[in-house]
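Quick notes on the structure that follows.
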Amino acid sequence: MNSKLLTTLSVAALVAAGSTVVSAEPLKVGVLATLEGTYTVLGEDGVRGLKTALAQSDNKAGGREIELVIGATDASPDSAVRAARKLVEQDGVEIVIGPLSGSEGIAIRDYSKTQPQVTFINGISGAQETTYVTPSDNFFRFNMDGAQWSAGLGDYIFNEKGYKTIATVGEDYSFVYTQVFGLVTEFCAAGGEVTERLWVPLGTKDFGSIIAALPDDVDAIYLGLGGGDAVNFLNQYQQAGGDANLIGGTIMVDGTVLSSKGSAKDALIGVPSSGPQADTWDDPKWQSYVKAYQDTFPPDQRFPSPSLLATGYYNATNAALSCLNETGGDLSDGQKAFRACLAGLELDAPNGKIALDGNRQAIGTNFVSEVVELDDGTLATKLVSIKENVNQTLGIEPAAFAKIGLPSRETPECKTAYE
Amino acid sequence: MRAFAARHPWWTAVIAIAAAVLLMLIFLVWPQWLVAGIGRKKVFLNALFNGITLGGLYFLVASGFTLIFGLMRNVNLAHGSLYLLGGYIGFFVAEWTGFWLLAFPAAFLVVALLGVVLQVVVFQRMEGQDLRQTLVTIGISIVAADLMLWAFGGDFYNIGTPSWLSGPMETFFVTGVKRSSGDLIFLKYPLVRIVIFAASVGIGVGMWLLLNRTRIGMLVRAGVDDSAMLSATGARINLVFVGVFAFGAGLAGVAGVVGGTFQSIAPGEDIRFLLASLIVVIVGGMGSIPGAALGALMIGLAEQFGSVYFPTYAVVLTFLIMVAVLAFRPQGLMGRA
Amino acid sequence: MAVFETRWQPARPAGGWREWVEKIPIGYWAVGIILLIMPAGASDFVLFQIFGWTFILGMIALSLMLLGGYGGMVSLAQMSVAGVAGYMVAILGDSAITDISQGWPWFVAIPLALVIAVLFATVTGWLAVRTEGIYTIMITLAIAAAFFYFCRQNYTVFNGFSGFNGVLPPKLFGVDWRGPKAFYYLTLFWAAVSYFAVVYLSRAPFGLALQGVRDNPRRMAALGYDVTAHRVAAYAFAAIPAGIGGILLTWQSAQISPGTVGIGPAIDVLVIAVIGGMRRPVGAFIGAFIYVLFKTFALDVLVALGLSGERFQLLIGLGFLLIVFFSPDGLLGLWDRWQTSLRRDPLTGGERGAP
Amino acid sequence: MSDVASVSTRLAATGTANALELRGVSKMFGALAALSDVAITVHPGERRAVLGSNGAGKTTLFNCITGDFPPTSGSIRFFGEDITAFPPHERIRRGLRRTYQISLLFTGLSVLDNVYLACRGVSRGRFSFIRPRRSDALMASAENLVEIVHLHDVRDSTVSELSYGQQRQLEIAMALAGAPRFILFDEPAAGLSPTERRELVDILTGLPSHMGYIIIEHDMDVALRVAESVTMMHNGRIFKEGKPAEIEDDPEVQALYLGVNDG
């Protein structure tokens, strides 16, 4: 708890709070997190990120005590809207932080339009259309979307690794479409070629035949799998003696896979991937954040280091806290001042600076990393390249970007230039 | 066999031709036009063998389910939970002792013991009340799923294979010819899958022998045919019931170890394998061990061929098979009307 | 019957409206009036979320009660039937997925959605009734899973994993039917219609025959009834309340996606029906109310008690288990037993007032 | 009443045919012959008792006649019409009824509903979604039948609440539903108290005179009071036929049956 970040933040809090009186009534903040069903572990780490941020600011912002109300979802949009409705309409929260998964995010964006008096700050949901198509005025997203999380990877594997042709294997749903979207636009623009895109149903457990069907005339294979599907793939890939070059999507190398029990994950060592964070980044701000996370929770109640879910909720919470401090906890007049602050905020996050665009979508830093084995035998991601100022159109002209279309099984086409 | 041929000459011909085509597909080097038509031989052979090995796993899970149902008319919708528990136990035993093989008896024993408890505490009390059993076991599976999530977390567990089992082995099946040298390319196949398949065939044959060649087996089979007859044999019946339940549950535990070895163990796998068992026994015929084998093989093959030849609807394919069977043979392929 | 016509003929009083109204127990009046004036006092959240959701789930559970309680066929596919109707309203009507949604007017889209749901249920029933008893539950579970996977994989019609968002009720008579009060009355109306339809049906020849099939299919066949046709027809009829519930559910969350029709929700419907009790239609709504309260507030209660919030799935499971273990007829069964024990004379064990 | 009309047309068409005519009826269960070469002729309005020890094939005979288990060989004619291959509900629609030895009632429904279902089964509108009114003709005849079997006091009770004897009476009411022309009673007196037996005899003797039946009964008192003729069965064969008095006095019968079974 003695991190530098903490000090800076609390000093800022003191300065900001100086003008207002501390006796203001507590501020109710709602949290939407996946705490039911298969993805419970992920939601729990998100909440840990949020609690880390709150602990750093002593549960206070703008002179007001923060009162947390948690709403549990099961990663389905139905449950997310229901939980949000309870937080807003029953518990009367003024700020909602969350949710976690892509389709939940879209549903909450739609819901936020019916509740203009409440501010919604996205947790970590990463669907592109949440802020790209029909954005909502009171929905802010301080994390990048799935396509942005691919930024830098295409360049890196083409130029540094020297892969000219790749094939992709991905779970058949929107998040992976979006990730492949980001990869393909960059990789193809650099001159690479994507020969084949295989889509496997979400929840595929036996990849035996899919592994045999992987093309053997490409330089590398991109894997857009997550959780149990990823673990199963890697396990069976080893059993089949696979030796192709692999590239990982963001959730292929996240904490759930890297901390899975057994040796399946070893197939990932040396695999390049990209995402909004690199576990072993030596940047002091990142290091102090990791330490704060580790200090807030005992080792058996957390991951070895914060997952990107924790970081997402952490950043969202910090954005809210710093703007509460700046406005002195003033949420009057339809939270006008608070929202103006959020829109103009440049968040000095542990994973790089984050600012918002006109759709209240993050423009941030993306990390290309490779999986390494640490001294204690655990796996982590090691930074190899940083891409800053990644915006939602991936550096492509907005008009040209719009012409590519929304991510799907076949979109985008592999082209050297998108115009 | 000859009687079948005499009764159904057309069917016999169709089956013989299909078998011949299959054998040719397996052993001949594929000509160009065939590769152009349905893809590489390697893919086909892998799908075929993977389908068979996956079928082996499904058979292990479903045979316990079908045995329990066949003898006692007990519907145990917590069967998937037994599978999952077996997987977790197997992981920890293998991890602590360092012996993969030890995971099997350990999982079998613990889960079988749980089976005894289930039979004595739950099923004996509500014999003949199908619906109540179903509901109670659904309740048990909900509770068990959360207890296991509590105990083992949401992590993915992968039971490590010993080094002598890891990696692929070269087989004598030819997948193609090297264009440059003209050498034959042989199929490489994961060793662990071969071993696991051999084990499930072994267990299947063992079960068959047990049922058909031993006194206890006769008693069980008689019970499957006519439970009224069995109750006439007196008090021993309850003991037989407990034994069979324990055995069926133990098999699910063993299957959990197998599944944890070549797939992985995590929350949600219980429902997946419950569904798989249901479909296998509906297709094969409730209460029939050969039916479970046939159903498991069909579902395994459908999943694997589906996953490479039409991945989008591969998951739905197994259900279509089930619907087709229900429509034309509601009692299942090997079930008695 | 001509044989006996000359003999005794019971004299029956001519039943009029007034007498019919007088026969309704006071409790019904009380519940009805409370439900009608509820919006005067209750918050929007209570109206929309608690009661709206209760009525919707109650309707879907009611369709299961009709099949299970009267027909003896426990179907886990009722959520899928509801989902078909919900999906069809999104596909045929309006949603944010303009590429797929046809944008047909409500008076075409809604009836058509219900018709398709009935067809789906009929096919499900036709498959399920080919086998008996416990098979039904397994086959319908498999069908529910198949429907879930199909929706998730199919993009051309069902829009795959994402499903449809922005599915809103039509602005009829200038009312925003998704407004809390309007939506409350909308769901209350359809729940009441479904409830009374099922109550009415239970005493009609079809309903009686269905109960006969439940009690003794062999005797029913011997009496000249076509048992299979009755069972399939029950599936078809039960699709109507489920379908209406599905459409309302889609409107309530303004979206429908594979998660809405997954295996979890399918089992939840069974949990609701069983908790309430499958013997009488009202059980479906009692079960739904308890389920909704639990889903909404269990986390708060657990946290308030200082327990970890994650274990509430365990609570639901244990509660369900206790009920099915000790009272297969659900809470209604417990209530009935309590009532009988009150009526029973503690000394003689006979019913009071009985000779 | 269209049913009655159609029945009368059929009656007219078949003229004076026998109510029931069995020729060479055999029923095999595997290698076991439950019935061998049975021939029985019953005239319209005739009341016949079938006697015999357990396993003599009496209930199997009923199952063959009603179509629950069709015979292995032989033919069955009902009022002149060959019904050997008909499914059970077709026979029901032609006016054949039976009661069951074991109770096959709808235990979750009321007495009146049970009888109503029986009445409805042989009429149209089995799929009707419209509730019957009290004045409905079928409902009236159901109430009437309930009255005939002395169950009027308990007509709204659930069947599971009835005494055993009342359940047997209900069975009879259900067999009388519709327009029966011929009824098979399978041990209607089994398990009844002496009072209930007297009631049963009243009910049976009070049936309209043109309504014939066959009754399987162990209780000789009951059987001989309600039957005009008697068929003795033994080991799946017809052993003797005659008037009650003749059978009672027959030494062979006494040796075989009456002596060992005192009813």
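Chains here go by letter, A, B, C and D, matching the order in which they are written, and residues are numbered from 1 within each.
Note that in this section a residue touches a chain if its C-beta (ideal position, glycine included) is under 8 Å from a C-beta of that chain, and two chains touch if they have at least 3 such contacts.
Remember, it's a predicted structure, so these values are computed and weren't measured experimentally.
Q: What's the farthest chain from chain A if centres are computed as the mean of the Cα atoms?
A: Most remote chain from chain A, centroid-wise, comes out as D.
Q: Work out per-chain C-alpha centres and flag the one nearest the whole-protein C-alpha centre.
A: Central by C-alpha mean position: chain C.
Q: Just curious, how far off is chain C from chain B if you go by their C-alpha centres, in Å?
A: 36
Q: On a C-alpha centroid basis, what's the spacing between chain C and chain D, in Å?
A: So the centre of chain C lies 42 Å away from the centre of chain D.
Q: Roughly how many whole angstrom separate the Cα centroids of chain B and chain D?
A: Computed value for the inter-centroid distance: 51 Å.
Q: Going by the touch rule set out above, which residues of chain B reach two or more other chains?
A: In chain B, the residues touching two or more other chains are 149, 312, 315.
Q: Going by the touch rule set out above, which residues of chain C reach two or more other chains?
A: Chain C, residues with two or more chain partners: 149, 153, 310, 313.
Q: How do the chains pair up in terms of touching? List each pair.
A: A-B, A-C, B-C, C-D
Q: Which residues, counting only chain C, touch chain B once they are in their complex?
A: On the chain C side, the touching residues are 68, 74, 127, 130-131, 133-135, 137-139, 141-143, 145-146, 149-150, 153-154, 263, 267, 270, 274, 310-311, 313-314, 316-318, 320-321, 324-325, 328.
Q: Considering only the defined contacts, which chain B positions touch chain A in the complex?
A: Listed in rising order, the residues are 39-40, 42-43, 45-47, 50-51, 53-54, 91, 95, 149, 153-161, 166-168, 188-193, 262-264, 266-269, 272, 303-305, 307-308, 311-312, 314-315.
Q: Over in the complex, which chain D residues touch chain C? Could you list them?
A: 1, 4, 66, 68, 88-89, 92-93, 98, 100, 104-109, 113-114, 116-122, 125-135, 137-138, 140-141, 143-145, 147-148, 174, 177-179, 208, 211
Q: Contact residues on chain A for chain C in the complex?
A: 35-37, 40, 44, 70-72, 74-79, 81-82, 85-86, 89-90, 102-103, 106-107, 110-111, 134, 172-174, 201-202, 408-409
Q: Quick one: in the complex, what on chain C touches chain A?
A: Going by the criterion above, the answer is residues 43-46, 48-49, 53, 96, 149, 152-153, 155, 160-163, 165-166, 253-255, 257, 259-260, 262, 264, 295-296, 299, 303, 309-310, 312-313.
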